[in-house]
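Both of the next two complexes hold chain A, though its partner changes from chain B to chain C.
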Partner chain A sequence: MSNIFTTNGAERILSDKAFLVSETDEKGIIVFANDDFCSIADYRVEELIGKPHNIVRHPDMPRAAFKDLWDTVKTGKTWTGFVKNKTSSGNQYYWVYATVYPIMREGRRHYISCRRKPTADEIESAIALYKTL
Partner chain B sequence: MFDISKSDYLVLKQAIQECRNFVLEKVNETAISPDARSARVNDLLHDLNQFAGEYKNVRDANYIQAGMLAMSVFRAKTGELSNVSMANCTQNGSGVLKETTNFYNGLMTRLKELFSEIENGFSRISHNDLRIPFKADGWHHDIRALNEHNQ
Partner chain C sequence: MFGIKSTDLHLLEAMINDLFDIAEGRRNRYRYAKSTFNDSKMDKIALLINQRLSAMTEAKQKDMLAMGELILALDQMKSGVFKPTSIEGYGSEVSVIASSFSAFSLLLSQRFDEIVKILSAYSANDFTGRIDRGNLHGEMASLIDGVNKLATEITHMLSTSLQNGLNLQNEASSLRLAMDQLSNASNEQAANLEETAAAMEEMTSNVQQNAQKANDMARMASQTDESAKQGARLANRTSSAMTEIQEATQSINNAVAIIENIAFQTNILSLNAAVEAATAGEAGKGFAVVAQEVRNLANRSADAAKEIKALAEQAASKSNEGMSIANELTRGFEVIAEKIEQTTMLVQDVSNASREQMQGIGQINTAVTQLDQMTQENAKIAANVSETSREIQELSDEIYREIETKQFVGKSEILRH
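For the complex of A and B:
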């Protein structure tokens, strides 16, 4: 599924049609990841399920961004923002525009994240913003 | 309306362009600030910003529904058929309809690509121009991609 991204040095750039989806339980443990997510992050789905979502966390991402994400979704609201993630080897990264939202699954709160391609300008602004956090 | 200053006209034009890019998903975020000189133009900019905000809510809900759909298919594939409620993540009544439209449009785009390739193939056959081989990954690939898009 290499048509889902292109590579530019250490960066993987999502294609326009890439749509990455993952679902976590209320603690942020991954219970589902779709093919696009697996292929960009370089994992098999079995390797992701049961792991905390910070498995793809890139060290450049400020803690404050995730605090904001969790604070928002825990109150039942939708969080949108730009996230830099790392691939399984840790040698590559990819930026996404994420929409995270709580759902109820069998009486329990779960969260879904859907991700699309950010523009180069949006990535630039996110980098600048995250440097200040 | 037509006696607005050139600078306000450009601000308004730019704001409309931003909205367009946002709706066409060329950008993910947009923020239109009412910083024109004329109060009337600012009023229009304010409206545009509000419409963009409303549109974003619908789009967010659509993404989530598309995600729900992806998960349902995943669960169906792995044999675990659970009920997911679309209603839980629909922020307004048109959400589900919009989502269906999204998928329909995506599917249609793929179908159009597929058809234009088939058409292309036929026209080459009828023009006896088969020197250039068909795409290496062939139609079966497109059908698979069509299927994947659907998931």
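For the complex of A and C:
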């Protein structure tokens, strides 16, 4: 699991092969999370299941970004974006490039979020963008 | 190079790098979607790149969703969740993996469903079901075989247990019946023994009274014997007194004979005197009167002697009678003595018999007491065993009830027998 990310001060930098996946119900309550997500966010899967996905939301993230996310996926479209998340202790953070899919699971709206590593310049652009929001 | 301006060349290079980075998954966003070339002819390339990139991004997003679902499903499998997952790819390599995984997860979940259903039937005590192995091989086949074998083993165990339970139930029922009978018999025996003991007590008192009476009888017999002996002695004395009376009577007779003889001679002499007197005449007249007087006296003596003789004869006859009575009395007392002796012996026999009876009764009493103790002990043991047999019965009923709730092949055959 240590090869999923490297640590640089308070930042955890995802490796190229890191692939964070989680599934939530239509209200954003986590129904499952994969091992990469758990190890980077410092949670056990049973700690995450049943919690709202914003449990990993970093305070630096602007509300507008999530409004955009929800506005997009609620219309059935896929949302992509750069997100700063915090670990369970709140002392560390990590950046991801998230792709959030609205899907149907047994007749109900669910969301699957897939996160990959963002490049340094992508993070910089995101930071710059979020400062304006 | 081909007359391209260096700024346009740099932009093109940057575009191509971003494109490949995105294609290789090392970059997420294309930075030059809005960039334009100085040479407007080259904007066609930019447009083409934008078009193709948007198609590729869409395909990559779909593949990523497929990957995401695949990874979620696999991680769930790692945690033990085997749900059928239908994942669609975008006609890429990922779609091949996705459809293969979908088929795999469907088959696996169906198999697990089947096994879980059977196992939950087993845990609900229904062991009749078996899993069809179909054309499976390897570990899954071993798992199914194992579950089926487990059910067969459990069925075998349950059959044996049910059979044992039924046998035990029968045996316990017989045992209980026997113990109830034994218990009743013991109680009855105890009651009988109590009656026997009471009867023995009564008998003891009777025998003691008998012995007492025999003693009284012996004492009375001895007193009677004494009285009879006294009687015999008195009879003997009576007899000898009678003999003496007879002897005295004989003496009286002898004396009377002498008196008669003297009277006769006196009479003769008086006659002679009268004759002499008559001869003597007047002178003899006084003498004749005296002679007459003598003669009268002699006659009176003879009469008195006759009377005495008659009385003596009467006395002799009475004493003879008395003697024979005394003799009869003596014989009678002898008979009485004999009878008393016999009676005494009989009483002695009765007394001895009573003593022996007392000993016998004592032994019987001891035996009855022992019997009573044994019977009480028996009754106690019978009650205990009865209780135990009741417990066995309950246990066997419980075993039967327990197994009765379970369904397994061959159960109805066992129950029918």
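Just so it is clear, the second predicted complex is superposed on the first by the 133 of 133 C-alpha atoms of A that agree within 3 Å, B and C clash if a C-alpha of one lies under 4 Å from a C-alpha of the other, contacts with A are read in each partner's own complex, and residues count from 1 in each chain.
Just so we're on the same page, a residue touches a chain if its C-beta (ideal position, glycine included) is under 8 Å from a C-beta of that chain, and two chains touch if they have at least 3 such contacts.
Since we're looking at a predicted model, the values are computed, not measured.
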{"item": "Touching partner for A:104 - first (chain B), second (chain C), both, neither", "value": "first"}
{"item": "Touched partner set for A:54, first chain B, second chain C, both or neither", "value": "neither"}
{"item": "First (chain B), second (chain C), both or neither touched by A:34", "value": "both"}
{"item": "First, second, both or neither for A:78, with chain B first and chain C second", "value": "both"}
{"item": "Shared chain A contacts, counted only where both chain B and chain C touch the same residue", "value": "19, 21, 23, 32, 34-35, 78, 80, 97, 99, 101, 103, 112-114, 116, 118-119, 122"}
{"item": "Chain C residues within the chain A interface of the complex", "value": "21, 25-29, 61, 64-65, 67-69, 71-72, 75-76, 78-79"}
{"item": "Chain A - residues contacting chain B, complex", "value": "1, 3, 17, 19, 21, 23, 32, 34-35, 78, 80, 97, 99, 101, 103-106, 112-114, 116, 118-119, 121-122"}
{"item": "Partner chain C, residues of chain A touching it in the complex", "value": "16, 19, 21, 23, 32, 34-35, 45, 78, 80, 82, 97, 99, 101, 103, 112-114, 116, 118-119, 122, 125"}
{"item": "Chain B residues touching chain A - in the complex, by the definition given at the top", "value": "25-29, 56-57, 60-61, 63-64, 66-68, 70-71, 74-75, 82, 84-85, 88-89, 106, 145, 148-149, 151"}
